[in-house]
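One chain, chain A, appears in both complexes that follow, with chain B as partner in the first and chain C in the second.
After this line comes the complex of A and B, so read on.
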């Protein structure tokens, strides 16, 4: 167990160093979602006048979206890094050491958590800068960071699975638009109860991404909403668990060492 | 067998990829402390064999023991005993040489207080002390290969696998690597299994050579013994007038089997050895054929390859480029 933790630490360190030495991997997931936030908040502010809209500032409503978009970037970064390791033979190098498979996956995800933490802190600072004070207070900010990191790890683990399954960075990048569709057909831009198109409301309701967004959003505009938080943590936990189990199977196939 | 040997023993080893039998029942034995050169063109089955012997790829059939451990049943024990620098130095361009050493020493379970010292020692040995804190993406091909070798040695392996370690290197880097590999075998008793497609490398470095083609070992022995099996030198003549190549070829055919060496010359493997040389010169002179260049080639490993497979190593490599061996890591 101690050996495995040591392996996780060293692989995590490598993952973090890699991320820190690729500024584009850290900066792009911050700039791109914040740019979209600025555009959406400006253009959709009138939507807050709709009766029943949960806040009078669209920027507060939309602030959860960058956390999700950042998580999607995490998927790409974690997956493409691992796919590159497979393609260059670095995974073979690691396979020749006594490293355990679980350490490989968890170590890789540590880099995701590192970037996700930086992203989340920046998003929260931006919120304060535009006078959006999370309704759940300081403790809520801590939970918000924790949930954001959990979601990023969940999506990152999906990227790791894709990389292990296909061994191809291109395939991992192909996952990005698919996940983006889930984001689009969610309650990203509108509360579910106010969506008038029945088919869209149904899609948003069965789409787990809606619950991840609503959990993040609840801390910003509502305060402490136990149900929303429980659903968000539950779905991110399920995503992490499913992705890790799938990654475990994929790793077994990928690392065929005897 | 217990793990007290530094040798390699292989019996009937087979690896199939769908319809392709990349390694087709090879047998070989490498003695402790020996440098064994595994020579063959691209796609011959060299890398697949290395992947099986290093436990990265399960064999389809057959048996192999490395350091006395079965590669299928005792994978972890085999990995503890071996070091490997596989084809294409697999390094992370964003990490420094020292980062690599830190990771490798830690994953191999070297005690924390020994890691820095071991890293420094190996980096110095491969001449990378000054570059240790530079990112690998700034390294030359030779530096990457040397780092690759240092990484393979962090846990003091008893057996070292080097898969085409000098491919793409300049002569200076190649000579430096040869020197270090030779030193490891002679001074530290490390057994070296070296794959190469370079005849010179096998000739200079290896105590014994196995020649593999289409998944079969077609010849095995010391370079000297293998060349002695051929025994006959080749005389290569470049006529002063290129138009006379056909006439020169007709004359040389009387002295033995014609072989292709270069497009500008005609070459014959002399049936009676060096004794034919004087007669060839006299005949060409009598026929009034001017010679621009004449070379007498002692038998080489390429001649051995030609004798055993009917092709030159270069020709086999060109063929292999059209029908390559599957990359074991991407099966």
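After this line comes the complex of A and C, so read on.
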């Protein structure tokens, strides 16, 4: 157990240092979502005039989206870094050591958690800067950060799985649009109950990403909504569990191949 | 006369090659087609309730309102995606051989423009079909619609010139973000979701000064059969073409000079 924790520590440290040494990996997931937030909150502000819209400031409504977009970037970063390790033979050399698979995956996710924490703190600061005060208060901000990190780890684990499965950074990058579809077809821009097109409302309802967004959003514009938070944590937990199990199988196959 | 023939030969050869590459490689064709379609689905499907906002009155419906944006977006990105191919040609050394073999090198830009146009026409057919299925009501006459499509073709050519210029300067696919980010920002700082008159605050000021706004509002008026400010939009499009084609030609000279 102590050996495994030691392995996790060393690989996590490597992952964090690696992220910190690639400013593009940290800056892009912050700048791009904030740019989109500015555009969408300006362009969609008139939507708040629709009866039943849950807030009178669209920027407050849309603030949950950067957390999700940041998580998607985490998928790409974690996956691309691991794929590079596979392509450069680092994983091959690692497989000759007594390092355990769980240490490799958890260590990789430490870098994701590191970037996700920075992102989430920046987004919260931006919220206060534009006079959006999370309705759930200071404790809500802590839960918001926790949920954001959990979501990023879930997507990061999915990125790790993709990297182990494909072994190619290009393939991992190519999957970005596929994941982005989940974001587009969700309650990202409108509350589900106000979506007019029935087929789109159905798609948004069966899309787990809607519940992740709604959990984050509830803390900002509603306060404490137990159902929204429970669903968000449940879906992020399921995503983490499924991705880790899939990564475990993929890692076993990858190690056998090497 | 010979100069015209040389120009035409080079343009058609490069154009044919670009079209052939795109049609035989789904990874080049599909993203350019799927990206605008997804945007259309997300905007027209997810935001259609915006048509109930006081002051929003658009006869072709919200699907038509978004169609005009997505058509222009697909036209602009049709040019940008072709720019990626030009950069790849430089990376692989093909452009160097192309420059050596071309008797009239400005025909190279025209050839890429032909490729970008055909590529976008394929996408535009798909976008139009989906928009009609989604309930877009076409109120404009055939002349209005022709005007709408010609504006989109001009946008396609203008942004092909932009991307071509970047590709010839940097000669690397790594310049991709420089090609697409400004185009993306220009497009999204236009009145994408609601008409200009309903925008408020800083976004209204930015959208008012954005040349894409003129094109978008004119296209929407043409689809609705109520042409407004179309002449201004055509002037803006001509200005974009003149400016960006000069940029492309200068970049071509730069590429020639750098060997």
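The definition used in the following text is that the second predicted complex is superposed on the first by the 256 of 258 C-alpha atoms of A that agree within 3 Å, B and C clash if a C-alpha of one lies under 4 Å from a C-alpha of the other, contacts with A are read in each partner's own complex, and residues count from 1 in each chain.
Heads up, the rule we're going with is that a contact is a pair of C-beta atoms (placed from the backbone, for glycine too) under 8 Å apart; a residue touches a chain by one contact, two chains touch by 3 or more.
Predicted model only: the values in this text are computed from it and were never measured.
Asks: With chain A superposed, do chain B and chain C clash or fit?
Replies: Result for chain B and chain C: fit.
Asks: So, A:199: does it touch chain B (first), chain C (second), both, or neither?
Replies: The second partner, chain C, only.
Asks: Touch test for A:184: chain B only (first), chain C only (second), both, or neither?
Replies: In the superposition, A:184 contacts chain C only.
Asks: Under the stated touch criterion, which partner chain does A:46 make contact with: chain B (first), chain C (second), both, or neither?
Replies: In the superposed model, A:46 contacts chain C only, not chain B.
Asks: Taking the superposition as given, does A:17 touch the first partner, chain B, the second, chain C, both, or neither?
Replies: In the superposition, A:17 contacts chain B only.
Asks: Examine A:55 and indicate which partner it touches, taking first as chain B and second as chain C; both and neither are also allowed.
Replies: neither
Asks: Considering only the touch criterion stated at the top, classify A:117 as touching first (chain B), second (chain C), both, or neither.
Replies: neither
Asks: How many degrees apart are chain B and chain C as seen from chain A, counting from C-alpha centres and rounding to the nearest 10?
Replies: For this superposition the angle at chain A equals 90 degrees.
Asks: Look at the superposition and give the distance in whole angstrom between the closest pair of CA atoms, one from chain B and one from chain C.
Replies: When the complexes share the chain A frame, the smallest chain B-chain C C-alpha distance is 19 Å.
Asks: Overlap the chain B and chain C contact sets on chain A and report the shared residues.
Replies: none
Asks: Using the touch rule from the top, collect the residues of chain B that touch chain A in their complex.
Replies: By the definition above, chain B touches chain A via 54-58, 71-73, 75-76, 78-80, 82, 84, 86-88, 90-92, 94-95, 99, 102-104, 106-109, 135, 151, 329-331.
Asks: Would you pull the chain A residues touching chain C in the complex into a rising list?
Replies: Contact set of chain A toward chain C: 35-36, 39, 42-47, 49-50, 174, 177, 180-181, 184-185, 188-190, 194-197, 199-200, 203-204.
Asks: Under the touch definition given earlier, write down the residues of chain A that touch chain B in their complex.
Replies: The contact residues of chain A facing chain B are 3, 6-7, 10-11, 13-14, 17-18, 21-22, 85-86, 88-99, 167, 256-258.
Asks: Hey, which residues of chain C end up touching chain A in the complex?
Replies: On the chain C side, the touching residues are 27, 31, 34-35, 38-39, 41-42, 44-50, 52-54, 56, 185, 188-189, 191-194, 198-203, 206.
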